[in-house]
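Let me begin by presenting the structure, written as structure tokens, before commenting on it.
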Amino acid sequence: MAINWFKYSSPTTFYGLAGKMIPWFAIPAVILFAIGLYMGFFVAPVDAQQGEFYRIMFIHVPTSILSMFFYLIMAGYAALGLIFNTRLSAMMASAIAPTGALFTLISLWTGALWGKPMWGTWWIWDARMTSQLILLFLYLGFIALHASIDEPRRADRAAALLAIVGSVNVPIIYFSVKWWNTLHQGSTIKFSGTSMQITMQHTLLAMTLACWLYAIAVVLARVRSIILERERKTDWISELPEVKL
Amino acid sequence: MSLDIWMRENPLTYVWFGSYAVALLIFAIEIVMVVRKRKITLQQVHLMRDAGDEE
Amino acid sequence: MLEVSNLACSRGDHRLFSGLNFHLHLGQIMQVQGVNGSGKTSLLRTLCGFLMPDEGEIVWRGERIRELGEDYHDEILYLGHLNAIKDELSALENLRISAGLSGIELEEKEAVTALRRMGLRGREMLPTKVLSQGQRRRVALARLLVSDAKLWILDEPLSALDVGAVALIQELIAEHLAQQGMVIFTTHQPLHVAGMEMRTLSLS
Amino acid sequence: MKKSTMLGLLVLVIRRDLVLAMRRRADVLTTLIFFVMVVSLFPMGVGPEMDMLRKMAAGVLWVAALLASMLSLGRLFSADYLDGTLEQMMLAPQSLSMLVLGKMAAHWMSSGLPLVLMAPVLGLQFDMSVRALGVLIVSLLLGTPILSMVGAIGAALTLGLRGGGVLLSLLVLPLCIPVLIFGTGAVEAVSSGLSIASHLSLLGALLVLALVFTPWVTAQALRISME
């Protein structure tokens, strides 16, 4: 079956498509959040060593994983936009950035709250925490660069190049931070039990999926606004029912 | 430290309000921002269209 | 030699021109006309390859300029609004460096000769910051004398120049065309080249 | 008249930028004075205990060098951008990456190298041992060119933007963290009697990587910014 992918990569088609898709991601996200929270607080048992505190994991781990993952997705879209000159890819990249930055922020915040009861301090210069902090800087750099260039085309392309350079740098940064951390004998996060309980795994899975779906819904909603803003002078925008009114 | 003692006595409250409530609040703020941005953008498009009609 | 087909260009949301077609052959000269903001400079910058056209192609000797890259750069000379000269350097240093950037190693004697022909005798060694606006423009224009480029792309070459210098530039352009060179330029002042048919391209 | 080669063009750009730096000596000196000042402020902030200062020395010198090189990066392309020379460079018959490499080299010689030469004097203020000083110089020699090269990408991306200087630091500093880590790590390894070879070779590897990729990336960034 030959699907014309380029048809879906045009902002015109995607605008309508995204509008239809948002509920399909948003509603499952809400349901999964409800399930995940219920399981996390009422079903999952108390951990032998960490007590109730380990329950932070169910929000900390998904946001940490996804924040890194979103950076790569963002850089991927940016690269597509730069190479094939597709407008939609660049718009997607700039729509992902705020969500990615907020996920990183949540990950840092919950990490600090987890750290306090575990190590007695809000912040430790642990390899993963430090990498997350640097990741937040990279997101902020992308957003700041995009925001300070008035011409949309240059903004897209410059930010895209930065995202690509950043994603090439992420492994180097991660490796160097890890190396630095082992040299300085810092503590690292270790999970107390040898293996996670099956309910914990399921909870984690539900929460990760919920966060993922939520992020997709928000990104789609944001990209719709971006399309509307960028294409406001075109004819198809003025044909839209929400614009005609 | 009093916070340490309070934390150990009410771990669930600490976990819930400390991380989950904050995370959900951040999500809520993000949703509000996205909705607002859509509203403002639509308004701008309307304004532009009205201005275009008068020309 | 230079073929432009269906060229479209925009700045931001604003479409400057579209569906632009023209050819330029050896020994031909073309003036780009249009009111302020009609896209003259953008057209010239697109021809240099600084700007990516929205649509259309620019072909030089049968190949697209994007693919030619440096080989195309070797054959063109661009003179923009900005003089590309440094205040801290002398006229002589400026000329030798800008010639060097366009791939030509210039002897001091050759550079001095060129500057003298541009009417800068006795000012070769002065830092350009003490020169007047017109004299700086002359330093920039001295590049025309030492270049071996086929196609000259000149954006307002006559700005800030006095009558004598304008005559000199006209003379230089005539020489260049006589040697099978090509010129595309914009100007708000009249520019006459003796014995040459001046083609015009109007942007609206 | 004769045609110039790729190497000729590289030398031309380096020479030109160095001559310009010589004629604007104040700029070079400002960077150097900034570096000296930042380093000298640290003992006043943390107290004059020599044991602590000795431990901090490498980190302080490296962070100060990082900040000082950020200061001078803003000027890397902006002057050429404003007077139109950058346009002419983009029309040079050799690849733009080569010219960019030349500008990076000149930038390092006029802003990085003075810092490296100044570092031992400042290291003495922190009572560093001779061996540690030697390693510090080697690590700075390997590391500061990377700062110039990675910084050039940021300088090219922020060309002509309002508030470009601050933005430049925001973009470039996170990317420079590995250099900082390996650079200070080497000096600390000496102090604690460990082998320094791995740190310096990693720093060398980063330098090679930067040499291969950054000129091309910077050239692309310049093309984007010139549109």
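All chains are identified by letter, namely A, B, C and D, in their written order; residue positions are counted from 1 within each chain.
The rule is simple: contacts are C-beta pairs under 8 Å (C-beta built on N, C-alpha and C of every residue); 3 or more make two chains touch, one makes a residue touch a chain.
Just so you know, these numbers come straight off a predicted model, no measurement behind them.
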Could you say which chain's mean Cα position falls nearest to the mean Cα position of the entire protein shown?
D
More C-beta pairs touching across which pair, A-B or A-C?
A-B
Report, in whole Å, the distance between the mean C-alpha point of chain B and the mean C-alpha point of chain D.
41
Please work out the Cα centroid separation of chain A and chain B, and write it as a whole number of Å.
16
If you average the Cα atoms of chain A and of chain C to get two centres, how far apart are those centres in Å?
49
Gap in Å, rounded to a whole number, between the CA centres of chain D and chain A:
33
Listed in rising order, chain A residues that touch 2 or more other chains are 151, 233
Indicate the residues of chain D shared as contacts by at least two other chains.
227
Where chain B touches two or more other chains simultaneously, the residues are none
What residues on chain D touch chain C, complex-wise?
1-4, 8-9, 12-13, 16, 19-20, 23-24, 79, 82-85, 87-95, 99, 223, 226-227
Complex contact set, residues of chain C against chain D
48-52, 69-71, 73-74, 76, 78, 80-86, 88-89, 93, 97-98, 100-107, 110, 146, 148
Counting only contacts in the complex, chain D reaches chain A at residues 153, 157-158, 161-163, 167, 170-171, 173-175, 177-178, 181-182, 185, 188, 202, 206, 213, 217, 220-221, 224-225, 227
Touching chain D in the complex, chain A uses residues 134, 137-138, 140-141, 144-145, 148-149, 151, 153-154, 157-158, 161-162, 165-166, 168-169, 172-173, 175-177, 179-180, 183
Can you tell me which positions in chain C touch chain A when the two form their complex?
11-13
